[in-house]
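Each of the next two complexes has chain A plus one other chain: chain B in the first, chain C in the second.
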Partner chain A sequence: MENHNNTHIIPYKTYLYILAGLIALTLISVGVTHVEVGEMSIITALVLASIKSVLVIVYFMHLKFDNRILQIAVPAIFILVGLVIFITFLDYNFR
Partner chain B sequence: MDSSAVIQNIHRDDEGSKMGMWLFIFTELLLFAGLFIVYSIYRYLNPAAFALAAEQLSVTIGTINTIALLISSATIAMASSSIRLKNKKLTLFLLLVTIIMAIVFMVNKYFEWMGKIDHGFFPSSPTLQSLGSGDTLFFGLYFFMTGLHALHIVIGIVLIAIVFIRVKNNSITDNNPVLLDNSGLYWHMVDVIWIFLFPLFYLIT
Partner chain C sequence: MENQETTWKHVSFREHKGKYKGILAWILSTDHKRIGLLYFYTIIGFFLTGVCLGLAMKLELLAPGKTVMDAATYNAIFTLHGVIMIFLVVIPGLPAVFGNFMLPLMIGAKDVAFPRLNLLSWWVYVFGAIVALSSLFMQGGPPDTGWTFYAPYSFKTSTNMLPAVLGAFILGFSSILTGINFIVTIHRMRAPGMTWFKMPLFPWTLYGTAWIQILATPILAVTLMLIAGERLLNIGFFDPSLGGDPILYQHLFWIYSHPAVYIMILPAMGAISEIIPTFSNKSIFGYKVIVISTLAIAFVGYFVWGHHMFTSGMSGTALYTFSILTFLVAIPSAIKVFNWVSTMHKASIQLDPPFFWAVSFLFVFMIGGLSGLALGALSVNVHLHDTAFVVAHFHYIVFGGTGFAFMGAIHYWFPKMWGRMYNTRMATTGWIFFFIGFNTLYLPMFFLGVAGMPRRYYDYVDRFHGPNIISTIGSWVLFTGLMIIIVNLIHAAKNGPVASKDPWGGKTLEWTVDSPPTFENFEEIPVVEKGPYDYR
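Our next item is the complex of A and B:
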């Protein structure tokens, strides 16, 4: 079995750039709450949180350099969760 | 080296270990997803009470905790690189920063929870009962979801401390970094859950 040697080593610099991006997005999402009101703020907050989690999963969790099965399974889990939330809301809206 | 010859004889499947860790992470994500669904439905049914109750939470503490967790995630990810580059000292330093950031998070959480409890906001408190079901639901979910997340942080601190000790006594090296990688995966998952908890409880007011 191939072990550990096939792993791509990500340079420290990449992690620091991603970290800077994540902190910037956090501050933006905090700043946006002072500006916008109503439904839009929920959507903006969730979109920014999704971008942040994608950055964490793709770079920090090495999904970008992982095997194909995980690259399919991980987004599938998130799509599954999204669908369940969507269907639950359909149910609540039209019952 | 003698020890590395021994290690190579032991059957090991790093790819399988990583797969197992990811499967565990999937179950954890689904556990929290269930709670997020409960939260979003109750929020949908009680929009005014949830918005007012959310204003009780300190955005500053939430932001500091978010940044602390993001830094800790970056440092443990860097530790995965530094162990492969055979830099033991840097690996230990990065793991230590991760643990310190996790403790900063927990200390903040302690003061935040105590502040809420001092103001009479805790499950089935008289203050909440006088405010009605919307506020009761918000704080019930707040304490349960952040509490479950904090429990994961405590488990993470223990796990990373074990990794720290094993890196220190050379039982985790560039030849065998899978426990460090898997602890990193677990820690990033805790981070991802917080990335969603933070806007849902603190920011959407």
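Our next item is the complex of A and C:
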């Protein structure tokens, strides 16, 4: 419970920067749909969405200030899911 | 155990008077020990049902042709046997029974983090079980697809698929809730001084298991809903005629169900890691290595699901990848085996029933594990896929591994859970019958598989007759052993001599409290200063 005793105050400015970043990334993800890049369009959309998720998890959900175990566990889970998807596509992309 | 100088009343959790009386005091109890026992009785009930179905299958295979049932009945019985044993017995098995009962005791806590959620898990489990088995009483009968519900047959068969699929879906929630509860309990409620590397190994394995339960189970839930969607709405996820891919189903199913094998085996390994040092009177060899290998199994275990699908038409790249990863996951398992054997090296071993179960676990687990490597090799797998060899292999792992560890755990913690001692001679006799019966039942199936006998067939050609007779006789010997064990334990629970706090000389925290423990376990939360296996 020790991490709950260490209060941390994030300046509003930081939140506003993150909000601006999220809005900008949303606009970019809408914008790139007008560019014809074939299969890469899915990857682009996923990468942009991932960056937005990271910003939300790290700043809005306070992962940055949480204890070390969670700072390792949360990305580890995403890496795990990513690997599962990657390995599945080792089948579909090479048939 | 008598009242000492404090005012602490030593009333066992069984006699503790709560809000409710009679059966309600159990089925509405939020005490982790009562919930552990609720799971125990329910799981044993389902286990015996599954055993009877297994015996019926072996009886059918006693002779070629129709012996006691027709092909359709045989299909339904092996499906039910699989669904009951996997979803209702082995997956919840050790975590739900011994995890619930022992985890708070072993980490020095009064209960799990969310006691009500814990009770809800049991209720969800019972509800899921009722839904899953309701198909038995419906027109059309129980499903006949095998417990894997493979597409496209699972959305084409006229039997009652939906109750089984929905039941497994509901059971998954029970599993997830238990997993969340254990993770939070382990993170938040360890006794002061119990750092991560001072935690006993059984809680460590429960921790690894809990992560798998949380992360893998939702995938199964979604997959089963896709099957339901396919049956009800003809969507076409898996139906090739609608542009779907049946192999996608296999991927999704095994992305959960292979990690589920580690849900089954990790807590079993944890129980063995508790029994062996206690009966060797010696610290466990390589504590940290066992911890790391536990986490490594939990992690790498996610990426090997494709070895169930080597003959289903995956790409070559996927085949090689899954084969290599399968061989990799054997390494941490083997590390554990070496650690257990090294713990016993030059130890003053106490020969009691839990130790016999632990040693026989090693024996059968190694046969199961090594035959798994044979199946993990691509070329051999083509020959052995869907033969009796596979059935023998996974029974050596799931029944031989998890089942033997469950038996070991119940004989090890029985004095703590029931506060009484069983007859060790009778327990040993039961173990001898069980061990001989088990090997007589499953060893011949390896040979049958190599010779080409397919699994899930109620009939076979004459040249397979001999080993099938031996195998069926083995099932009877095993059943005799099981009956001896059950009679012994029921008798002991009622009339056995009162057990002391620490009948085996264990060093973990559960052996410092009363047998059976009081309502909130500890008079004062202990302060931990030493490692968990402080023998010599």
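The working rule: the second predicted complex is superposed on the first by the 84 of 95 C-alpha atoms of A that agree within 3 Å, B and C clash if a C-alpha of one lies under 4 Å from a C-alpha of the other, contacts with A are read in each partner's own complex, and residues count from 1 in each chain.
By definition in this document, a residue touches a chain if its C-beta (ideal position, glycine included) is under 8 Å from a C-beta of that chain, and two chains touch if they have at least 3 such contacts.
Everything numeric in this text was worked out from a predicted model, so none of it was measured.
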So, does A:I77 touch the first partner chain B, the second partner chain C, both, or neither?
-> both
Check the residue A:R95 against both partner chains and state whether it touches chain B (first), chain C (second), both, or neither.
-> second
Chain B versus chain C as contact partner of A:T33, first or second or both or neither | first
Among the partners chain B and chain C, which is in contact with a greater number of residues of chain A?
-> B
Would you check which partner chain A:F65 touches, where first means chain B only, second means chain C only, and both and neither mean what they say?
-> neither
Between chain B (first) and chain C (second), which, if any, makes contact with A:A45: first, second, both or neither?
-> first
Go through chain A and flag every residue that touches chain B in one model and chain C in the other.
-> 1, 69, 77, 81, 84, 88, 92
If you look only at chain B, which of its residues touch chain A in the complex?
-> 12-15, 18-19, 22, 26, 29-30, 33, 36-37, 40-41, 44-45, 59, 63, 66-67, 70-71, 73-74, 77-78, 80-82, 84-85, 174-178, 184-185, 188-189, 191-192, 195-196, 198-200, 203-205
Interfacial residue positions of chain A with respect to chain B in the complex = 1-4, 7, 9-12, 15-16, 18-19, 22-23, 26-27, 29-30, 33, 41-42, 45-46, 48-49, 52-53, 56-57, 59-62, 66-67, 69-70, 73-74, 77-78, 81, 84-85, 88-89, 92
Complex interface listing, chain A residues touching chain C | 1, 69, 77, 80-81, 83-84, 87-88, 90-95
Which of the residues in chain C end up touching chain A in this complex?
-> 187-188, 215, 247, 251, 255, 299, 302-303, 306, 314-318, 321-322
